[in-house]
Structure formats: C-alpha cells, structure tokens
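Which chain is which? They are A, B, C and D, in the order written, and residues in each are numbered from 1.
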Amino acid sequence: MRRIAIQTEDFDASAELAALEGLGGGGVASFTGIVRGEGGLAALELEHYPAMTLLQVERIVDDAMARWPLLGLSVIHRVGRLEPGARIVFVGAASRHRAAALESCAFLIDWLKSNAPFWKKEHFADGATRWVEARPEDEAKARGWTR
Amino acid sequence: MRRIAIQTEDFDASAELAALEGLGGGGVASFTGIVRGEGGLAALELEHYPAMTLLQVERIVDDAMARWPLLGLSVIHRVGRLEPGARIVFVGAASRHRAAALESCAFLIDWLKSNAPFWKKEHFADGATRWVEARPEDEAKARGWTR
Amino acid sequence: MAALTLVYFAWVREAIDLDEERIERPAPGATIADLIAALAARGGGYAEALGDPSRLRAALDQHFVALDEVIGDARELALFPPVTGG
Amino acid sequence: MAALTLVYFAWVREAIDLDEERIERPAPGATIADLIAALAARGGGYAEALGDPSRLRAALDQHFVALDEVIGDARELALFPPVTGG
C-alpha cells in the first residue's frame, strides 16, 4: 500500500493509522507535524509547485520502499493557510520490523523538508509576513540519508 | 504530560495522538505494535509481573524524558489474550524536534522489549502453545541505547 | 527472620506449577544463583524450571538484578525467562 | 524554436510579481546560471529576486538540478528559494 496526498483539508491520522495497521505487518510508525504558534504567529501559508510535488513525493516514497522492507507508506502534506495547532504533514509506515517502520518515517520527514517543493510563509498577528528560511541542518539531515 | 497504562482492553491510538498533538510541540511520533497472524497463530497471551511493570515502565519513561526534550510521552501495553490484528503496544512522543520524537519512540519500544516484565505465549490453531523466546538482537538493541 | 516470597512467571511458573510461594530465608550471603541451585535440587518441576540458570533472569524487590546478587534482606525474589514484551 | 516557460515560487514569485511567463529559448549551451544573470539584468523585481544566485534553487522539467545545468531542450524552468516543507 502506498498513499500520497497533497491537500488543503485536514486529515484523519487515525484513519491513516488504521489502514496501515490492517496490513498485517506487526508494526506501524508515524510522524505528524503541527503548526507551532510561537512569536505571535497567526498562520502559516504553504505554497507548493503542483506539477512537481506529487512527482517528487512519489520518488521519495519509492526510495523508502526500496530501502526498507515496508508493507505500506502513507504521506499527506497540506498546503494553503494553516493556523497554530493545525496538522501540516503526516508520514506513516507499516513493516514487520519496528526499526524499519520508525527509520522510514524519519527518512521521509527529513527528505520532505529538503527535497519536496513546499515553501512556508509566516503571517504574524501584527500583519507582518516572513518566508521561512531553509535551515542548513535540515539539508544536512537529508544528505545524511544518502548512501 | 506523561501517560502510562497497562490494560487488557484495546486503546484508541487517535485519542493518544490527539492528546500529544495538543501539547504545542510541533511534532508527534508514534509506534504501534500489532499481533501478526503467521504460522497458524490463533492468539498471543501476554503475562506480566504487575508489582514491577508500572515501576519499570515509569523508569523507562523518566529515562526518555531526561534524554530528549519531550513535551509528552504516552506508553500503553496490553496484557491478556490478543488475537492476530490486535494492538499490543503503543508509544507516542511529542516534541519541538522531530528527531527527538522519533528517536524516543524507538528507544521506548526497544527498551520495553528487553526491560519490561512481559512474557508472550503463542497459542496455535492446532492447540499447541509456545513461549516466545527473547531474541538476542532485541537485548543488543536495548543495550545500544546505553550511554 | 522473615520469610522470602518467591514469584514465578511464564514457563518457570508453568513448570513449578505455582504463581508464588514463601520459603525460609536463605543464609546471609546466599546469592540468587545459590538459591536457584537449592530449589532445582528439589527435582520435578523445580529441576525442569531452574536446572539451567543461563535461561533465567531475576528481579529482587521488583528490580532486575544479576543472578550473582546476594539476596540479603529483600522481601520478594522473582524468577522468570528473559522478557519478551513490546 | 519553442519558448521556455519560467515558473517562480515564494519570494522569487513575489518580487517578480509573476507566477509564470514564457520567454524566448536561450542560446544552446546556456546554463540556468546564465539565464538567471540575464533575467537579473532586467532590473527591478528581477534584480531583487535573482541578483544573488546563491539564494536560489532550480528545477528543470520538474526535477531539481544545479544552477550550472544546461537548459537544453527543457520546456519548464522553475526558480525558487530552498524548500521549507515538512
């Protein structure tokens, strides 16, 4: 099973988990990213490159399926305006091996941060806006998976 | 937030995730273990040492909170008779840092496998039973976290 | 001197056919391994369960310890196979 | 010769004030960096968005590439800051 979705709507993490749990693998790991509301943040605006996003996420998912013995992967990334507390991203993996499930989630989230065409703009309560800058440590983490 | 439960009933992973997501940390990781139904397995029976289990799981949770900057941890372990497809164990972690959330889940599940007083007995469809043997690689994984 | 409570789990419990029992406290300085040898000498299910200490793990007053630990004034000794939770 | 579609994202898009545009295809052998320099020379928002290539990343026909890549017969070139998803 592989499921990839790029959407503006919220998602139901429990439905994703239930689908992964039903694959008979013995272990399901997940990571959910949430908008933090620090520093007067009113909302995050997520922009993406539609023609490229699915293509790139499919490549990342194929990579993960080739690296680990996985029974299923689910990747959901939201776009548009998201307020503090909102879910941004979900990655879930099912495997016979707990380490494979957890490591592939770490891989997917690191890779999404540095290799999928999403950009975040912060909107503050006072009306100011700022494009989030890429963090060198995120690129380093993604490179760390290269082998 | 720290939540520890040892119970015979099933649990609602989405309620656990929702509680962790509400802590404002930005990232929530989880691992759920499921009974695999291979080799004619009819059920797993989980026995534990009640006087010791909570004590030991609390120590593991304290350890994880000391190692990683976590906002919350949730550990649920079921006991009793569990059929294939049933959830056995859930570990969930909330943190500002995705790596901390994912690593602490890996730590908790590795540590539970080798340092919490649970024993699994397999019941097969033909009536045979067998106590699951500890795997040396599980003890090695748990030792791998020692530092 | 107070008695020592022994508790058994998994196939140790099944072979001895007891969840727990109370015994006379061993001599001061006796280790868990010493007690295991004395219990195994009872024969029957005890010999079956406790005859090979390399297959056993122990907890003294609900803390994992090595088999060469002295029992001392502990109140509860648990004997069991390596754990298999998670 | 077919035109080249340029697409812009994030602050590159905002500074140039266009989502996309079609331009005459650069000379054979021209790299993305060559085109960025030519576009920046237009001044205004182009200079602001594209004046410092070290802040830019690119994708050619929806694949990430380095700025020294030759544009060749690609149909779409995207210019944007480093990505910040996840």
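Operating definition for what follows: a residue touches a chain if its C-beta (ideal position, glycine included) is under 8 Å from a C-beta of that chain, and two chains touch if they have at least 3 such contacts.
Bear in mind the structure is a predicted one, so any value in this text is a computation, not a measurement.
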item	value
Most distant chain from chain A by Cα centroid	C
Centre-to-centre distance between chain B and chain A (centres being mean Cα positions), rounded to whole Å	24
Distance between the centres, which are taken as Cα means, of chain D and chain A, whole angstrom	26
Distance between chain centroids, defined by C-alpha means - chain B, chain D (Å)	49
Touching two or more other chains - residues of chain D	none
Shared-contact residues (touching 2 or more other chains) in chain A	33, 98, 109-110
Pairs of chains, among all present, that meet the touch criterion	A-B, A-D, B-C
Chain C-facing residues of chain B, complex	33, 46-49, 51-52, 55-56, 77, 88-89, 109-110, 112-121, 131-134, 138-139
Residues of chain A defined as touching chain B within the complex	12-14, 17, 21-22, 24-37, 84-85, 87, 96, 98-99, 101-103, 105-106, 109-110, 141
Contacting residues of chain C [partner chain B, same complex]	7, 9-11, 59, 62-64, 76, 78, 80-86
